[in-house]
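Next up, some structures in structure tokens.
Two complexes follow with chain A in common, the first pairing it with chain B and the second with chain C.
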Partner chain A sequence: MSQFLQVFLSGLSTGSIYALAAIGFTLLWQAAQTVNFAQGEFVMLPAFFVLIGIHWLHLPLWLSLIFGLIVAVIVLGLLFKKVVVEPMLPNGGLPLIIATMALSILLKEGTKQFYGAEAQPFPNIFPQTTMTLDGAVISVQDIMNLVVSLGVVVGLTLFLNRTRTGRCMQATAQNPEVAEILGVNVKRMVLYTFLVNAALAALASFLISPIYLAKFSNGETLGLVAFIAAIVGGFNQIRGALVGGLLIGVLDNLTATYVTTEYRAALPLVMLIVIILWRPQGLLGTSEGRQV
Partner chain B sequence: MLELKDVYGGYGKITILNGVSFTIPKASITTVIGPNGAGKSTVFKAVFGLLNIHSGQVLLDGQDVTRASPAQMIAHGVTYVPQGRNVIPQLSVRHNLELGGVTSSDQARVRQRIDEVMDQFPALRQRQNQKAIELSGGQQKQLEIARSLILDPKLILIDEPSIGLSPNLVQEVFATLQRLRDNGVTVLMVEQNAKAALAMSDYGLVLELGQTRMHERAATLLADPRVGHLFLGGAIEAPAG
Partner chain C sequence: MKRRLTPILLVVGLALLIVAPLGQTDYIKYILSSWLIFAIAAMGLNLTLGYAGQISLAQASFIGIGAYTTALLTLAGVPWIPSMLAAMAVSFLVGLALGFPALRVQGHFLAFVTLAFNTLFYLVARNEDWLTGGPYGLSGMPRPDFWLFDTNQNLPFYYFTLAVFVVAAALMWGIVRSPWGRAFKGLRENPIRAESLGVDTRRITLLAFAIGSAYGGLAGALISPLVQFINPDSFALVQSIRILLMVVVGGAGFFFGPLFGAAMVILLPEFLRFTEGYYLMIYASAVIVLMVFCPSGLIGAGQALRERFRPGHRVRGDMKQGSQL
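Take a look at the complex of A and B:
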């Protein structure tokens, strides 16, 4: 039982980080019809911005994290929208998807060239201590990752539901034509969505990199998991992406511990196929419309 | 109140409006009628800044608002209720109403107006916490109209308010528009249900091929055999002499 609790909580922790990337993925789709196949690289890259802050600019960790967040929001939010999405979107969804695939390769290979192919150690943000809960040894880092991720999701949900700007973002996602008629600054709301996605990706990067280390190829797995989590949960719901991320994290850990590690990478794909066959709109998805 | 002077416009390079001109007076209801493709909805979009005006002028109380953006038109006191269902489906009724005042810097006034507007539409007050998608078609249209009133507009552009509504609900919507007119609001409406709309309007405007063909008192248009001819699919012939 104690081992189960240990594995379960660890899975929740990793899953909550997946959920951050999946929620960003969902938000971009809702607000800007952008399926971002570079989302994994968006999670991989901010860790390197932090390493630049530490090693090149000699900033302390906390300042490097702020630096990494700001650069990520500018590069992966603002520039991504202006340089990639805006010129491509008028040509339709498919060219944009291909463009994000190309961007994914560019970011991955660019990082490899710039920072090397070796995995880089990433400083721990939380203490590397453990605590005992009902006989289970729980990592404080896991608990803190879970708390921070869920806190951010709750904060984001409150922002979207309780603030005027949040509701304008929802209106833009659900019915941009009507939002414009009501005087909502639709372009600004779409930009906010890109910035929020970049911030979520950066946060996921800062939380996952102490565990996975910073490596140019990290985005391959993270992007796939975020994509699957978003679809499994329901592509038009934040809470769906959250559930999808947590589910993948927990099942992945439980399978690795109690079944086999051999087919671990296949698990999310199997889950994707099962869910699509059983419930095409996803676990919490609705078929009637788009929502952020 | 609202004056269009020889307006040409359309979607991109495609011209739909070919020199529309008319003036509508304050605190009146004017119904725009005409065959499909006449440019009725396009006139509204052109006035509200949603499509290109190639040439001509749109004047509001004498002020040039040609090519003003939707947000600027709202600031000028104009709101637009497009055809079809135009609620934000997953937001509550109350939050939909709040969005009607999203451009206002006086949110206390917006909250007060929401209360006042809900007095006019009791069904919305009862369902203020429900998602808009859960309302009936008639209630959704009421919500759209209510939302357009939050900022005390002086001109409402309303496109096909009767689509999808039962005859009783259509009468309710028309009665609401008449109440607004009596309170000093100007209403410009496109309506396929032309006879019923003209019967409750002060003025009628006939558009054909993107041009103003007739602009008369509504009762005069109703009695004009040429209007009936138009709605049977023919074109209006120029009056003899």
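Take a look at the complex of A and C:
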């Protein structure tokens, strides 16, 4: 039982980080119909911005984190939208999918060229202590990851539901034409969505890199998990992506501990195929009128 | 393209392909063979994606299925031709099965299902040691030997690949021109209208996947004796993305698109060797720029230049459907 609790909690902790990436993915899909195949690299890269801050600019950790966040929001939010997505929008879906795939290669190779192929140690943000609860050894890092991620998700939900800007963003996602008529600055709202996505990816990056180390190829698995979480939970719901992320984190850990380590990566994939075929809108999602 | 020019261009192209490896180093002959092989795989994906409009990120897994089938059979002493036919048959059947999700979902959802399939294939190939040799793969597959014509050297193997490529391309030409080919395009342009005109969209969707996959299997049947070593990494998701890039960069829905696309992906790195590690970055940037300015690929770019007044409507329609999904 204590082992179960341990495995379950660490699964929730990684799952909550997956959820951050998955939520960003979902937001981009809603606001701009952009399926971002580079989302994994978006989570991989900000950790390197922080490392640049620490090693090259000699900033303290907290300042490097802020530096990393700002650079990530500018590069992965603003530039991504202006340089890659915006010119591509009139061309439709497939070219954009291909372009984001190419972008993921570009970011991966770029990082490898400029920062080396070895995994870089990333400073711990939270203390590395453990505590014992009912016989289970629980790391404070896991708990803090979970608390921070859930805090961010709650904050984001409040922002989207309670503030004027948030509601304008929702209106834009639901029906851009009507939103425009009602006086919402649609372009600006779409831009905000890209910025929020970049910020979420950066946060996920800061939380996961102390565990996985910063490596150029981290994005491959992270991106896949983010897609799967977003789809399993529901492509058009924030809470769907949250549930999807947590579910995958927990199931992944449980499979690895109790069933098979060789096929641990297979479970989310099988889940994905089953969900897509059985409930394409996801567990919590509502089907989109747009598709018809 | 003018009708009268086509046969001349074909003959010139074929002559170029025959002359290409002469006087080159052994390594270049090897690269040229692998270019033609990937062109076959990309041709299959072009049928699924370019003509029938069904996105698939699983082509590498079909090359894998073909390669493993051929490797296992030829290692067991079966000649190459029956092994190749078996490889194509297995890929065809698995492709048929993978087509079923496409009946339910489209666009990026389909991309994710096929992507998941490719990763599952990779996991199985890596973990089932008793069949696939696990991470160490299989090696020592014999090259096909046709009595007088023995392909142990790279030059005969190139001509052997070229012959298979020409036959495969001719078959594909036939398929694209056949009623099936028109049905594929109908499916891409407007599935509802195709259905109402009496096209069995269900059967056509499955066929598009199955035939495309069988071409993947054929490519696998050639990879296996060319490299004489296969392991799961050669058929990972990255490879599927590479093949998808070949199709789109070359020009999805254009017959010769995959040949140019495969050249971009396989041959260009050899010319860009001097850039060392930067090749992939240059390549990725080029793809993004191409997608911004000419989403219909290299051939599309050529056509757009030639016929400035007629933008590529055919391909745009395809893209438009993608954007709605």
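Of note:
To be clear about the criterion, the second predicted complex is superposed on the first by the 287 of 292 C-alpha atoms of A that agree within 3 Å, B and C clash if a C-alpha of one lies under 4 Å from a C-alpha of the other, contacts with A are read in each partner's own complex, and residues count from 1 in each chain.
In this section, a contact is a pair of C-beta atoms (placed from the backbone, for glycine too) under 8 Å apart; a residue touches a chain by one contact, two chains touch by 3 or more.
Note that this is a predicted model, so its numbers are computed, not measured.
Once the two complexes are laid over each other on the shared chain, residue contacts for A:Gly183 go to chain B alone; chain C is not touched. Contacts of A:Ile208 after superposition: neither chain B nor chain C is touched. Ranked by how many residues of chain A each touches, chain B and chain C are led by C.
Once the two complexes are laid over each other on the shared chain, residue contacts for A:Leu27 go to neither chain B nor chain C.
In the superposition on chain A, no contact is made by A:Leu12 with either chain B or chain C.
Once chain A of one complex is fitted onto chain A of the other, the partner contacts of A:Gln174 are limited to chain B, with no touch recorded for chain C.
Applying the stated contact rule after C-alpha superposition, one finds that A:Val232 touches neither chain B nor chain C. With both structures placed on the common chain, the touch criterion links A:Ala72 to neither chain B nor chain C. Shared-chain residue A:Arg164: touches chain B; no touch with chain C.
Overlap of the chain B and chain C contact sets on chain A: residues 291.
Residues 55, 101, 104-105, 107-109, 111-113, 115-117, 119-120, 123, 127, 237, 241, 244-245, 248, 252, 277-278, 280-281, 283-285, 287-288, 291-292, 295, 316, 318-325 of chain C are the ones touching chain A in the complex. For chain A in complex with chain B, the residues that touch the partner chain are 164, 167-168, 170-171, 174-175, 177-185, 288-289, 291.
Against chain A, in their complex, chain B makes its touches with residues 48, 50, 70-71, 74, 80, 82, 86-91, 95, 98-100, 102-103, 107, 133, 147.
Listing the residues of chain A that touch chain C in their complex gives 33, 35, 84, 87-88, 91-99, 101-103, 105-106, 109-110, 112-113, 220, 224, 227-228, 231, 262-263, 265-266, 269-270, 272-273, 276-277, 280, 290-291.
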